Amino acid sequence: MNYDQILKKIDKEIKPFANEGNVSDSIHELALINPSKFGIHLVTTEKMDYSFGDSNEKFSIQSISKVLSLSYAFQFLGENIWSRVGVEPSGNPFNSLAQLEYEKGKPRNPFINAGAIVIADILVSNLKNPKNDFLSFVRNLANCNSIDFNEKVALSEKKVGFRNAALANILKSFGNLKNGVEEVLDFYFYQCSIEMTCKELAQSCYFFANGGNTYSQNQRILTESQIKRLNALMQTCGFYDESGEFAYKVGLPGKSGIGGGIMAIHPQKYCVATWSPRLNLKGNSVMGMKALELLTTETQMSIF
Amino acid sequence: MNYDQILKKIDKEIKPFANEGNVSDSIHELALINPSKFGIHLVTTEKMDYSFGDSNEKFSIQSISKVLSLSYAFQFLGENIWSRVGVEPSGNPFNSLAQLEYEKGKPRNPFINAGAIVIADILVSNLKNPKNDFLSFVRNLANCNSIDFNEKVALSEKKVGFRNAALANILKSFGNLKNGVEEVLDFYFYQCSIEMTCKELAQSCYFFANGGNTYSQNQRILTESQIKRLNALMQTCGFYDESGEFAYKVGLPGKSGIGGGIMAIHPQKYCVATWSPRLNLKGNSVMGMKALELLTTETQMSIF
Amino acid sequence: MNYDQILKKIDKEIKPFANEGNVSDSIHELALINPSKFGIHLVTTEKMDYSFGDSNEKFSIQSISKVLSLSYAFQFLGENIWSRVGVEPSGNPFNSLAQLEYEKGKPRNPFINAGAIVIADILVSNLKNPKNDFLSFVRNLANCNSIDFNEKVALSEKKVGFRNAALANILKSFGNLKNGVEEVLDFYFYQCSIEMTCKELAQSCYFFANGGNTYSQNQRILTESQIKRLNALMQTCGFYDESGEFAYKVGLPGKSGIGGGIMAIHPQKYCVATWSPRLNLKGNSVMGMKALELLTTETQMSIF
Amino acid sequence: MNYDQILKKIDKEIKPFANEGNVSDSIHELALINPSKFGIHLVTTEKMDYSFGDSNEKFSIQSISKVLSLSYAFQFLGENIWSRVGVEPSGNPFNSLAQLEYEKGKPRNPFINAGAIVIADILVSNLKNPKNDFLSFVRNLANCNSIDFNEKVALSEKKVGFRNAALANILKSFGNLKNGVEEVLDFYFYQCSIEMTCKELAQSCYFFANGGNTYSQNQRILTESQIKRLNALMQTCGFYDESGEFAYKVGLPGKSGIGGGIMAIHPQKYCVATWSPRLNLKGNSVMGMKALELLTTETQMSIF
């Protein structure tokens, strides 16, 4: 596969979408980003790297961090994790609070906020120094020590995170939060504030494409079977209320964040990360979605 | 891949699950089925056939017919079909009516009943003799003229189909049903009453695994790109409120029916059909789910 | 109380509201009404009559008929009626279908459509000639034989009554409809199509203000205790999602209809009927609401 | 009216209900109460007092405090208060969070918890020393300085008040909470922890029956028109999801609390308070409801 040529084609074909969508204004710090940024980095399982644009610029990975926290928590609890959070897509968000209540405090999956907060709670319970230990885990994936939290973003999010506080309190009222609301949210906001470049993100998430073995040291962190299951979960639940659309148009497991990042993988082939801050109405990066649609169209390879 | 051996292993390993679950009692005719039936038939894209058990016995395919009606309607409308029905998973069913209302009569996907009724409406609009034409379409897929409606089942379902009548009326109230409620429901109940054997079902749905080319005459009925999209849709929405679970455990696109059938495909590899009437609480065949989980475990091949 | 003077004052003070709101366009026949009509008729328990405006012109009483059908059904079943329909307000209508489902087909109260359809079912079960018998019941209340169904309106409503058909089918699916969906809806649409003048309506509903004794022959049709209970029900549930507002501003039990009519009573004092076709966003007559608010303000008598 | 005789009759007739229902276990401190307590105190607008049972024993008034906080806030904002909270009944609670979200953070009425938290926020904004000032307001109503918060109860409630914290955070996320979540909840939990005897409660709420003039000094705190409106609101929304039932069976405006108290009024006639800790499934005192039903049956006086 000539990824170089394909990326060049993508570069040209996504240009018309450069002004579509809007930068998220839900978090003050993120609203200040230059909206015209675009970067993409693809790393094959043979560790060949392809990229263009602002692929070496740091951005806030936000919800993409949820696949990393889940992977880490999965190491601790294994299949037991599903007693506290489900594996089903959540449908549209108009009833997310009602649903959480109807299902007695068990979030539908680990990628909606309620579910990610439960995962954060699990990490807080299992880690000695939750923030530090989680950061080490992430840094080790691609052997990249420049990866860090952005404390300003974390605090900015905390200041307006009333909806997440509501979710955490509902979870707590149902007994599905073992630690204090404040403590778990604090960890959660830091987790989401992690900054990476497209290259760092693609290499960090390389293990999803590589059967559970990391980019840095080819170290197995999850079994092949476990990785398949997480990939399936990303496929069905990774893009908020656009998971079906993403599966339909792109056909790869992945995860997006409101910082404008998307990470997607083709099992046994590659991991790819894009970044472009303008989001569509469902909260996913317009140019990122388009670039990945072009990628699977041009390579004629989706998992389907 | 030695499918023979794998199927033998499955045969042995699913035995302990033979008494789990219950036959659906929602339709009188289906409730009379012998609950201990089990059949499986796998056909590879090279047209090699593997099977065991009651794989040559007819059963009511019920909701599995939805992937066939969708494929047929997709031929007529192409991407325009998505103006009338969505591609997103529906979340749990506790709010299915509310959701249909909230989204102004546009069903979330073509596999929930409301969506399948819209697809039925499209076929009624586009076919001269809807029932006959649809039956011909299905018979041609695997060149099997013994495939037929079971009129008794269709009428039995009609007699208690108040919930589907409610859905059709809601759709009609939102202008998303072009034909009469009665006419569309009549077609819909016939469509669901189609009976096939596992072998017939696997061969009929072979085109999903084979890039859109049918088993019978290697005739292209949908483009490769279209097939990928339908496969993605089956992956995210094919198993009611257990789509995530099926993706997680089996990792293949598929579709189930309350008659106890399941059809699943591995793109470019095979199409497999199972039948066992005992259902779990979410309406999916217990032994069928288990058999397919074993299949992807033993072959070490899921799409993820 | 000088009702003559008070009505004159109301006449003057409601003028500024003459152009507010819109005539319902949900039923073709009703949409053709002259929107500037206004009539009011008040009859005291001493049978003194006061009125002005178009109080002798027939209009479609629509949902006001629900208090009459409930009264009639209450004669047959007494307190047993509450096993099939509740007495609680329904909250806002965004979740009316979900609520009906959540509460397993038992409508929250007899004044929402689902509840009124259950009441219609009870009448169909208990009456030899449902339509005729119900009409006789209504005509006898004020000894007025000119009261009649408007068949055109009934059929017009039937033609677009998909939402009511959906409700009836949901009720049927839960076993809370004993007769056929068609038959019950036919009765229901006729019931709603009854036409009366303000005078006829006020005199027909006189028994709610007069402890259960009718205007025509002072005949007891319900006990005093039963009437109090129906009045309480009208207070809490009579005005769709504006029942609280009506209680707050007017402070009388009553019932409105989308034909623009309102009937309200002050126990032991009077029954009053207003008619003005322009409705507010919640489906209640703008001038009617205003007139009744002025009435209780000027008389300084609400039940609170 | 011979209230003495009527109360004696009630005393006898409620005995069979003494073991029905269960003491609330949602708050530790309240769960310790002797469940067999029963008290009733009725004060007429002529200041005649009637009582029996444990009517001079203090109990936690809990949600009954909401009518007092609303009255106080109503003094500050008047009709403007309804821009922040509605006057409509809320329907059943299964969707309370969804409803709050659907209606963009405007609670349906001031008696559901979300609404009462908004009222608490208004008081925090308008009072110099919120807790002290509110306590003074309450003490002045019946000139009773022994009325006080129970700090233990307030803290006990705070410790498990995750659901209220969730509601406050949702309100905050919609901009309908002006002060800090912590501060408002602190005030709210104290407000709910007020303890009174039946006598104190009946005399404190006397002004609802007496056109806005207090028991203590016949001091007008709200206009007659305002009182009528609050009474209407209590009628439609005062008993959680049993407001319709209470209106239907008792026919008086009132308010209940999970401490087992109920306060009800007959305008211009009397205010009555009951206390019995065993609650029915909807959270209202079993014996209290029964006693009040007997009261309006025996006096043959409801407002309807």
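The chains carry the letters A, B, C and D, assigned in the order they are written, with residues numbered from 1 in each.
To be clear about the criterion, contacts are C-beta pairs under 8 Å (C-beta built on N, C-alpha and C of every residue); 3 or more make two chains touch, one makes a residue touch a chain.
These numbers come from a predicted model, not from an experiment.
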Co-neighbours of subunit A and subunit B resolve to none
Whole-angstrom distance, CA centroid of subunit B to CA centroid of subunit C, is 47
Between subunit B and subunit D, the Cα-mean centres are separated in Å by 55
Per the C-alpha centroid definition, the whole-Å distance linking subunit C and subunit D comes out as 32
Touching at least 2 other chains, the residues of subunit B are 94-95, 98, 102
Among line, ring, star, complete and other, the chain contact graph is ring
Which chains touch? The pairs are A-B, A-D, B-C, C-D
Per the touch rule above, subunit A residues touching subunit B in the complex are 86-92, 94-95, 98-99, 102-103, 108-109, 224-225, 227-229, 231-233, 235-237, 241-245, 247-249, 251, 253, 267, 297, 300, 302-304
Counting only contacts in the complex, subunit B reaches subunit C at residues 94-95, 97-98, 101-102, 160, 162-163, 165-167, 169-170, 172-173, 181
